[in-house]
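You will see two complexes here that share subunit A, one where it goes with subunit B and one where it goes with subunit C.
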Partner chain A sequence: MKQTTLSVVLEVQPQSADNLSALIGELRHREDKPPPGSSEQYGRLKNGVPVLHFMSLSVFPSADYDPIFVIEANFDGPAGVFWGQLEATLGIELRAMLRCCKKPADQDGPLYLAVTSPDSRVPLAPYLEARTLRPSVFHHGTRGMDRDRILREGELFLATRRVLTQSSPTLANPYRAMTAEQIHANLRAALQPDFPWLDIPAPIRISRIERAGDLARLIIFLFLLLACLSIPGAVIAFISPWQRFLVIFAVLGCVVAFALYLMRAPLEGLGAPSRSGGLTASSLSRRNKLTSLAHPATLAIAVMVLLALYIAVASAIGTALAVLFTGLPVETLWCPTIRVVALGLVSVFLFTIPALVFWLRRLERRDASHDAPPIDSDMMLKMGQREDRIAQNHMGSVVLVKPGVLRTLLFRTGHRGLGLVLRVVATDGYLGSMRTIHFAHWAFVNNGSRLMFFSNFDHSWESYLDDFIEKAHGGLTLAWGSCIGFPPTRFLVLDGASHGRKFKAWARHSMAVSRFWFAAYKDYTVDQIERHARIANGLRQIALTKKEADAWVRDL
Partner chain B sequence: MGKGSMTPPASLSSAGWKLKAPHDAQAQGIVVSGFSDLYWAEALFLEADQPGSGWIAALRTVAPITDATAKQVRSAVLAFTCPGLAKLGLDEHDLGTFATPFREGMYQEDRLRRLGDKIDGKWEPTVIPGGPVWGGNNNAQTSGPFKTVHALLLLYDKTEAGVQNWADQLAKTLAPFGVNIVHKLSLNLQPGENKIAREHFGFADGMSQPIPYGDSVVVSNNPSSNNRPSERNPWHGVPLGEILLGHANAHHEKAPGPYVRSKTNRVADLTREGAPEGFLNLGLNGSYMIVRELRQDVAAFWNSLKANAERIQHHDPSATPVTADWIAERIIGRTRDGHLLCPAGAVPPAPDGQPENDVGFLQKDPYGHGCPLGSHVRRSNPRDGLAPDLAAAQTILDAANNHRILRRGRKFGLPASDPYHDDGQERGLLFICLNSDIARQFEFIQQTWVLNQNFATLFDETDPLVGPKGRFTIHEEGKPLRRIVEVETFIRMAGGEYFFLPSIPALDYLASL
Partner chain C sequence: MPRDENILRQKAGGPMVWLMALAPLVFRLLRAVWPIPHFGKTFVVTRYDDVRAVFLDDRTYRVPYREKLDVIMGGQPFFLGMDDTADYRRDTGAMRQVVLRSDVPTLLAPDVERLAQDAVDKGNGQLEVVDSLVRHVTFKVFGKYFGITDPPGEDLRVWATRLFEFQFADAGNDPALRSEVDHIAPALCAHVLALIEARLQSGMFGDDVLGRCLTMQAKGEIGFSDDQIRTALIGFMVGGPPQPPMVLPQALEQLLRRPDALAQAQQAARDGDDALLAGFVFEAMRFDPLAPALPRVATQKSVIAVGTRHMTTIPSGANVYAAFSSAMMDERRIPSPLQFNPRRQPHEYIHFGHGLHTCFGIHMNQALLPLMLKPLLKRSGLRRAPGRPGHLSKSGAFSNAINVLYD
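Up next, the complex of A and B:
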């Protein structure tokens, strides 16, 4: 089952911000402490919206903008079903909250008025869907696990514990004398009546179509990126003989490379060299087949093949376009087109990329960072009160994005690339060596002037941020480093988040209180969900080999 | 006591490292040493009933605070809580430069939840009934009597009588200043069986410590090293700034603060170096000291393990090695003499005969067949054990080493004569540790590792030694199913607080307030 992550960002009428926070607070209170006799905590939402994994409602105050109200949702399947279920469950509350928001100035204005007018019964879903933001980068730690399956396999795990428990303090437990294969067979026999779904094969978590789509999107992205980067070189290749072209670009390349060499080191006091945890090919994912590319030889071959493929495809498209515009025959056009495409490609690596990096490095050396962001002690206290109550925690943050053409281009492209790469390589929940994120996403708001981040993660906030600092600082610096006040970065991915204390202070200051937060399976970490899945997958099989059984039984 | 009492003075050091001049004369001795040859100690918890710092000078005439240069015939350590510093005369502005956890104290409501002491207004079973009896802030809302502590004075001597006389002398010295000893613990480090200092359950204590390195400030105390800077120990090396304020730490910076606004009319040797313009560096060569009084229930521990061993043998007649001792070793993760457990039994000793500690878990014991995944040593410092595979081992080890603490605790109370009989005596461990970032080091260990119910993909279990009653699972080689031990609550916190351990110049400054 494919999961969806989205957010709805609505501007709040400034005078109504406190009222909105109070409405969210009331909802939280009602769900947190339901009246005696009614359903369990958050039971209304859990039962009413069976596709929902995690959801939050927050209000972000800002010194630069009016407050925004953000609905963050992570659920199974398409958005339409989710909005329908949510409206049926929390429609009254949500409508009251929407009334605290501004009427959009664009074409959604009439719809807003229709859903917020007194006694309105106009469905909310179309409005919410119209105001939905798609994330720029997102990560799903339990890819392809629908909520029902996570809960079902969790119950199965608890049932295995009950079956394996000693029935009497003085009697021998029959399971203790068994081999792993016998334990499997007996446990399956004992559990099958209560869990008839064990007879059905496990649903496929990532379908071949989804996987092919992810890969195709990444390849198309890389293709377009190369094409764009080769434009300056390709233009010159039209008028320059290839020998002269190569000499000019080699000389330019050397000049830029030398300048970069001189600027490579961090400025005094701004470096944070880290021994490990950077963004390397092998850090992207641990068990993904594609990361066998982490080996330099396979990586080199793969890059060669991809570049050759690029020349072939780009030349074919280029020739076709040339035929269209000039009307000349293909035989006379294909040869010069290949020449322009190939020289353009050479210029990407000889000059364009080094020149962009040089430009970036110049910016980085002059960027100001926010060493001591003001921290509102009242907000801190409210965050502290809400954190560390269940196995997971939640954070939501909004920051300003650094201005400038290069920053914008790099940042947007970097996000798009990172998002596509994550879809392809992060299929087993791991980001680098960390696997503590259920659902996280970044999204640009206000025409890209602000970046929003939401995460539903395991363990404490401190440990989550420390994971980023210690195990995934490279990718994180890429994703967050172009925001105002971020600790000093180098070459887009170095230092940055390795300035641990400064990074934590910056992240904390960007956060708002998670006023309402729902987690559908509050006891299970990502690791635990995967453990349940291994146990369930074993039990779905009629018999295991000795080797399989020995590995399987370790999870019990 | 005098510095000339030993010729030549032996340098004060521990586990192969010491501080170089001038830092050794500035840091308190407890930073580099646990004073292991001074067996007897007294922990005096002080409360000042009126503002002022005059009592510090008087205290220092009777108990000069030991620096980190040379061994002394007896030693003293002095540290302050945040309310204690306010009582001395530090104003709100200066106190604001201290770390937030120190200022808020250990009993801040949300911190109590993170430390597993009090959840939703109820004290957890790992705290003595009614709540702790002492602390720096009186915001703990305890039901019983509560003593506010402003400072902790630790006295170390070679003899029991010596240290007690010394403590009496101090009580007399401090009384005229309105400074009272509101709580007192007699500590000792007497070696037991096999000449090993043991905690009350019978296990060698203080086995694995971080080893600081950094710049030229830390040197090896090995005579052949010629005062060369210490190299980074690959398993236990931490930058000096993890332990001592004012030096580069694991986040590649000198932890900011604490500072005081520079005033010309004070006679003190505080440096401006490392402090922002207009401030003096109060923190340099100081540290944050975490203290928790942990009472141990020896009879509950051994009786519970004996009952568990019997139950397990009924449960599985083939479980021949399972005895109370066998379970106890797995709860700790080491043998009684301090050797780490491994699938083959115990890790062989190092060439010097001491327990070998330069050991990773990932390669030698990935499934916890020797040293269980949830054992106290693995939860307190998982080393590379949380890595998903070998490629990630170095990253995970480096990450774990960003959360180390230097432990300086000692036990209090008499040894139990019969471990299976509850004699009603109070005994336990005065847990003391040093670190520079309380939230990232001490609190992280307690919350994310020790008490985390989901540590290392375990489920619904916490630290079997210091956590509350619950289950503890043990994997064994060749046995398909884990053993399940039902542990009781063996250790209860009776008081605790975060202290600031000032450097000698900082102490001079505080005394001059």
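Up next, the complex of A and C:
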């Protein structure tokens, strides 16, 4: 089952912000303390919206903008079904909240008025659908696992504990004397009657079509990126002989490279102690699997193939366009087009990328960072009251984006690329060496002038950020580095989040209280869910080989 | 089992039945390319959101039943034809004092199960479901519950079904049917008034709905004049009992088309899991509901699907058909609509209307419809009778017959 992450961001009428916060608070109170006879906390949402994994309602105040109301949702399947279920469950409450928001200035204005007019009964779902914001980057830690499966396999895990437990303290536990295969066979026989779905093969988490689509999107992105970056070189290649072209670009490249070399070090006092997590050359090792891109030979071959593919495809498209515009035969245009494409590609690495990095580095050296962002103690107290109550936590933050053409282009492109890479690479819940995020996403709001981040993660906020600072600050710096006040960065991915204390203070400063937060399986970490899945997958098998059983039994 | 051939006017089959069979495909196309088709001043609303919006906006989209109700009720207003007025609230409020939700488990459900069980036992391994099971049980149970007996020398099933057809399934205003109605309606009014008079004369009101109404009348409660009681009881008998024989056989037909679902529904029936059994029955009904659409009339110029790409302006006086059958198949809101799933969310069903004119007896229907099929589903070897009799035949909007065999 494909999971979906999205958010709805609505501007709030300033005079209604307190009322909106109060309405969200009332909803939280009602769900926290359900009336007598109700089955469980948040049971209404859990039962009424069976596709929902995590959801939050937040209000972000700002000194620069009117407050925004954000509905963050992570669920199974298509958005339309989710909105329908949410409206059926929380329609009355949501309509009251929408009445605290501003009428959109665009084409959704009439729909807003229809939905929020006094006594309106117009369905909310179309409006929420119309105002849906797609994330720029997102990560799913339990990818391909629908909520029912997570809950079902969690119940199965608890049942295995009960079966494996020896109720009498005076008798030996029979399972201790069994081999792994016998444990598997006995457990399966004991559990199958209560869990008949063990006879059905596990649903495929990521289908081949989905995987191929993710890969195709990444390749197309890289293709377009190369094409755009090669435009300056390709234009000059039209009018310049190739020998002259190479000399000019080699000289320009050397000049820029030398300038970059001089600027490579951090400014005094702004360096970070650690190197970039996961992005250093030392990550490449011949000890890695030959099938992994972390093996230098594999990476080199992959890059060569990609570049060759680019030249072939770009030349074919270029030739076709040239034939269309000039009317000359293909044989005449084919060779010059290949030459232009190839030289354009050379220019990307000789000059365009170094020149852009040089421009960026100049900006980075002049950037101001927020060393001691003010933190509202009252807000901190409220955040603290809501954190560490269950195995998971939630954070939401909104920050301003640095202005400028280069920043905007790099930031948007970086987000797009990071998002696509994550879909291809992060298929087993791991981000680098961490597996603590259930659902997280970034999205641009207010016409791209602000960046919003939401995460539903395991363990405490401190440990969550510490993990990232230690192990994945490169990606974090890429995703957040172009935001105002972010700790000083180098070359887009270096330093930045490595400034641990500064980064944490900056992140706290940008956060808002999670006024309403729903987690469908509050006791399970991502690791635990994966463990449940491995146990369930083992029990779905009628028999395991000795090797399989030995590996499987370690999860019990 | 012999059945009374006079209950339905039309013969089985015909072009209308074929057209109705095509409705799901047509609606699917319309939802995708022309969600609110219109022909002159007739509009059809096909998407889930828009159907709900029409049902919920009862001030703009009024029910068009009043004119024919006046014919049936002799001019006495019945709340089915009313807007959301003080009279509507008074009349529905009055009836909710005598048609109690608590009657369902205590009075109605046991009777339904017992009579359905009797019919299945009596069938001795073969049964015509429309008449011998569903219509028989429905009219027996509700006739007793409301306190309405067969008119002397007449069949209440025929009268109620004729009046139902006239009210809800006679878009062409058939003169032959009108002629029958002109005879039946006053006769039924007179019959019910006679029943009221007889009870008043006897002084023994009893604990059926009629008796409770007379008790309330004796207490001086408003909404319980003789005419109001008579109108409400006729409304209940005409609007209610003719429906289960239409829709339950359709549900059974859908189950018979899906052997896995049928087997699971039978298991639920045997396990006594009435909630799950209801899930199977209402899910089966989703694939062939009571009707494709319910009519409304626009009281003013209005806009449906405002702010969307298929926004449509509806002129005052337009006929608007809210296609609830299409809404229940709308993939924009209903998860995997083509998949048979007996565990759907309640909001995914619009079997009993929505908004002001949601079926008055919705709680009865939700509980009793599955129970009418329960004894049959409990039987092992449930299967179609050989040949055409084993498949549901229809007469216009009505189910005509479906024969099944069982061990």
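What we mean here is this: the second predicted complex is superposed on the first by the 540 of 556 C-alpha atoms of A that agree within 3 Å, B and C clash if a C-alpha of one lies under 4 Å from a C-alpha of the other, contacts with A are read in each partner's own complex, and residues count from 1 in each chain.
Assume contacts are C-beta pairs under 8 Å (C-beta built on N, C-alpha and C of every residue); 3 or more make two chains touch, one makes a residue touch a chain.
On a predicted model such as this, the values are computed, not experimentally measured, just so you know.
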| request: Tell me which partner A:Gln107 touches in the superposition: subunit B (first), subunit C (second), both or neither. | output: second
| field | Touch count on subunit A, higher of subunit B and subunit C | value | B
| query | So, A:Ala320: does it touch subunit B (first), subunit C (second), both, or neither? | reply | neither
| Does subunit B (first) or subunit C (second) touch A:Gly48, or do both, or does neither? | second
| message | After the superposition on A, what does A:Gly271 contact: first (subunit B), second (subunit C), both or neither? | response | first
| What is the contact status of A:Val122 with respect to subunit B (first) and subunit C (second): first, second, both, or neither? | second
| query | Which holds for A:Ala391: it touches subunit B only (first), subunit C only (second), both, or neither? | reply | first
| field | Where subunit A meets both subunit C and subunit B, residue numbers | value | none
| Touching residues on subunit C, where the partner in the complex is subunit A | 48-49, 52-53, 56-57, 305-308, 331-335, 345-348, 355
| note | Interface with subunit A, subunit B side, in the complex: residues 109-110, 113-114, 250-253, 255-256, 311, 314-319, 367, 387-389, 391-392, 394-396, 398-399, 402-403, 437, 439-440, 443-444, 447-448, 452-454, 457, 459-460, 475, 480-482, 484
| said: Using the touch definition from the top, list the residues of subunit A that touch subunit B in their complex. | reply: 157, 164-166, 169-173, 175-180, 183, 271-277, 282-283, 286-287, 381, 384-385, 387-389, 391, 430, 432-433, 435, 458-460, 462-463, 466-467, 469-471, 498-502, 523, 525, 527-528, 531, 549-550, 553-554, 556
| field | subunit C-touching residues of subunit A, taken from the complex the two chains share | value | 48, 50-51, 77-78, 80-81, 83-85, 88, 107-112, 114, 121-123, 125-127, 130
